[in-house]
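Read through the structure below, which is laid out as structure tokens, and then see the notes.
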């Protein structure tokens, strides 16, 4: 290890000469710590893109102590007691990557410091404790377990990620177990992997041989990542490292990283909406995406995702319209996507605990009846609806808002009804033995007709609802909306007729 | 009602104190009327997003009188005689929401004023009469009736928006009637709803109890909305309220609200085109989207949708390249999408009057022959082609333009031919009783094979044509273009073989 | 011809008067040649959009001589010996459109000059010879022949672009030959047409009657266009005429013109990635897209397509991270799309020479085995992998990079395995005579089941791989990723079961 330090030191000299006489750009505000300076000596050279992003960040020029001096509404840090050792300098490499070293399973000796690769919500909580606590109550922080610990969803994962093998002689198509790498590249890319230390390896670097931990499930920035310190999530999923720009988190492109696909087309719906149009046409170039609090009518004139779901929004006179929240269903009465039926939001962010009376690991029975004890009450739904409508009313009159919500909740009902019809056809198909389902202990997503059923709720009903919620026009009709939903019902009927007849013959 | 005014007045006092000594931002240009000031006293507080957008508008700082002083080519108002009562002040809340009160079925007493919620093209015509008149001749103003009063299209609507019910014992899948809310959330979101007063309700507001009309079909900003004053359309569909920015109307995101879906992929095709690339790469940040007239080569160097279809375009020396028009097929010889075959544009914007010789409510027979008396002549097509080519020639040489148009018109022919092949297969299927069609008085879109036929013309042939028209590359091939078109023909053939054989057995 | 010149001259007078006293904007830097001035006299009026784009270009204000004075790393021209006749003036109309007149089959007399319409890589090579030479080694320059001279691909082209005819009495669906216009509007739009002079025509222009060559395959800006001077490609495909902005070439919208469709979803994957998010959220408005060399961490903090694949990237101290290259697989060990299996990149950009041991015109056998003598060695793959990883390391640590690449190469393996399964089913279907394939000398893409097989590799396996390569999240799962890949395998099995049974009956 010592050898490496020596090499580094000699390079630094050369580097500082190249840098010239001018002060380093990150010195514009608060000073960086001696530890961070030492990190930068090598990493500015090794990873100039990484370091360059950080240099443009607020972290690089503001100390926590300065941040705490702001009036309450303008404050970007929420922890009351930030350790004195950290408070005085800019938030640099060492401040985050050496924090809570004893809790980090991935800590390792690096050039004289104990550092860890995976910075976690627990690390960020040092300055942003309120947000970290809220995020623990956020469905997204449990995204890994909610997928992996749900028997039904694991069937979907197996049928999607599995290796398919065809045997010509028997005509059988079988699905073989897949490896963790495929899961990490697929579902867990967004849901989050489990990152664990699996050993140590020595690498030959520009600064000599160095030891590094071998991490499973790495890299990953999934929202429900299970971290080596036991915490859940990755703040960097939305607060992109190493700039951690509030502007970026407030722009819809960030949400689109995971909420674009046909299973959750929120971003596409937003883009096609009037809101998305205003953002794209004038907002992107005119709005102030940095202001805290975010003033409606002044800093922005139409919502991005963050306005309705996350940000602290206020009026010019300081009245709070919406409190900042990192429990992102605070203003959502209904859970619209990802499950067979839309339903009141689950009580707990850990949905792996849910069981319906009939024993399904789902928040609703297969006929759509919610598992009442696990979902929020109608009263709580009312509060959340009202909280969201307060955002709507900043730009819309009350008749507009009432009309919109009544139509939207009718779309939930109608799309649930369509799913019920699909489920009834699917049950009939299983019951008649035209496909192997639960009764034969078979995966319920590994036959083409089963996927049609899944399409109805996982793709098309989601489109109808999200489009209705956010005024996405074509996404409720032709772009995987009702046109495709109803055609899939017709196709299931067509299949049932043909296979039923063939069987009868 | 009186109570409400008193509450409002006391709040206003507080509000003005909060506002401080500085002049309100909307006072920068022309002064607002006393009536508008009174609106703003409450609504700046109630709807700061709505008010904030208006404050950034040209309306908020320009009086019609000032607007009329501009040289003809630079003028943004077209009415010759703007009432004196309106001419002198900025165009604020009261100016639009109290206009033509006697004609507005949705007028109601509000805080001492007679106001209406739904501002209509007739209201806008006060200052923008030429555009309002042109828009009456625009297909889009008739989008509601053209859909709702067409028996064939109503079958499509019923099959797409209907509630499907499966009866396990009989195996029947039936489509039940759907409600107006679903139509408003689906097709009529863009085509426009009928907005009518259905009664009055009293609401408890921040300013006490107030009465409001109950409106059917509200909210809606569809281009063919049928308004409570009998007019058709919503200027706000493109001129987004309450900023009404010409910049926004000229940017393609506005058109994309309705022209993005697979039925009308114009925006997607544009994005993939060289034009869309220039706009995205350099235009968005460099072009002047506010200039009137819009000078080609100076204000912009590649078209947006508006350049070719709507805007007043001129050269630097003041020569007019294209006249401003709100009858958007002025430069379109062919109607490319939304119907079974591409055909010369209809004569009248009200297409519900069209009948083919054989009695179909369509501009072409099922074999593609146009209903001649209802569509424009070849001569008129020639004029429109030439008008559009004038726009092309601003950036392209004449060989380029001729080559492009000849290729494009060949794509119309080839895609119509492919549709004819699909229609022949569909007729054969109906004739052989493999699906229930017109002959059995059944909906012709409620069976999966019928939807395949619909896909051919409603989705894929449209892609081929729009991609050819605007150089959309993959949208003419792999992205719902020829690759999908031809595969659907193959699938129809496959279905016909299997079902035909099954029936023969 | 003389008549035309006279007309032009009289118009010019008027024009110059209109222009006023101020110097023309293109005179800001180097002076234009007398020849170019004469071009502009008419074409500024005729094609103000074309001329306006050029006026904003670096070409319009920089002479080659000035360009050559820059230090090596900053230089945008690469030819050592630029002819003196060109070196001193700005690069205007005449400089390019009269170059190499004797080699241009499309040269024609125009107003006293010998000009050509189609400017080619050979013309651009006058100043940019290194890039032109590299481009000759780029797969894209051979895109026309690689498609047209490959028997297998021609079957795909025929089945996609052909005219389908249905005969009701026999129930046959036959594919007729299609014309060159359809190919140009479809596959060759991106792959490039053959542009040849087919004759001469006289046109009536604003300046009188003029003669022009009649060009086949025109217009076209495909990357593999075969030009009238025998050269291949169109620099304008990426360096959009007539501004030729490096900014535009570096922005991903340019690549998206051809790499957006479901066959090559690179741009969509990029958009959904963290990289794409950073570009959209902050890069677009903050980065310097003009700087040469392009400094990582300063000019940009996340890659666009160009950063990884094309541009000269350096660090602030002048260390070169990646050399500029126009052979775009210099840093690509694997060819991911467009073929049945991913495989080591071909040795030669002309892939029409490739034959597998069994005689297929493909770089792999139908079971995935690479045609070894035609693809790069494992050693060469290693070099290219390392070159790309150098780019990754600018922003990511070595554990990140290693983990990413190992996962990516596993995705290649798994998607190839899935394709193998599909191919085995397809072979079984052909062998059992359930579809007519190679053995019956039939087109292997003209039956619906064959297209399902094609979807597996041409659409879905590509999505899985490109999404894995560039972290595209949903594009590897729900958006035409594994969810669709595996469902297509299930559908093929379903089809095989039903048809196999029907045949057995």
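First chain written, first letter: the chains are A, B and C, and each begins at residue 1.
As a working rule, contacts are C-beta pairs under 8 Å (C-beta built on N, C-alpha and C of every residue); 3 or more make two chains touch, one makes a residue touch a chain.
Note that this is a predicted model, so its numbers are computed, not measured.
Trainee: Could you work out how far subunit B has to rotate to sit on subunit C, using CA atoms and steps of 5 degrees?
Mentor: When the C-alpha atoms are superposed, subunit B turns by 120 degrees onto subunit C.
Trainee: How would the subunit A/subunit B interface be labelled, same or different, where same requires over half of its residue numbers to be shared?
Mentor: different
Trainee: Please tell me the distance, in whole Å, between the geometric centres of subunit A and subunit B computed from their C-alpha atoms.
Mentor: 34
Trainee: If I count partner chains per residue in subunit B, which residues reach a count of at least 2?
Mentor: Answer for subunit B, listing residues that touch two or more other chains: 285, 498, 502, 505.
Trainee: Could you please specify the touching residues of subunit A with respect to subunit C in the complex?
Mentor: 15, 18-19, 45-53, 55-56, 117, 159-166, 168, 171, 173, 178-179, 181-182, 184-187, 189-190, 203, 205, 212-215, 218-219, 221, 240, 243, 245, 247-248, 251, 253-254, 256-258, 260-263, 284-285, 446-449, 451, 458-459, 498-499, 502, 505
Trainee: Which residues of subunit C touch subunit A in the complex?
Mentor: It is residues 271-274, 276-278, 280-282, 285, 296-298, 300-302, 315-317, 393-400, 403-404, 406-408, 410-411, 414, 417-418, 421, 424-425, 427-428, 467-468, 471, 473-479, 481-483, 486-487, 489-491, 493-494, 496-498, 500-502, 505 of subunit C that touch subunit A.
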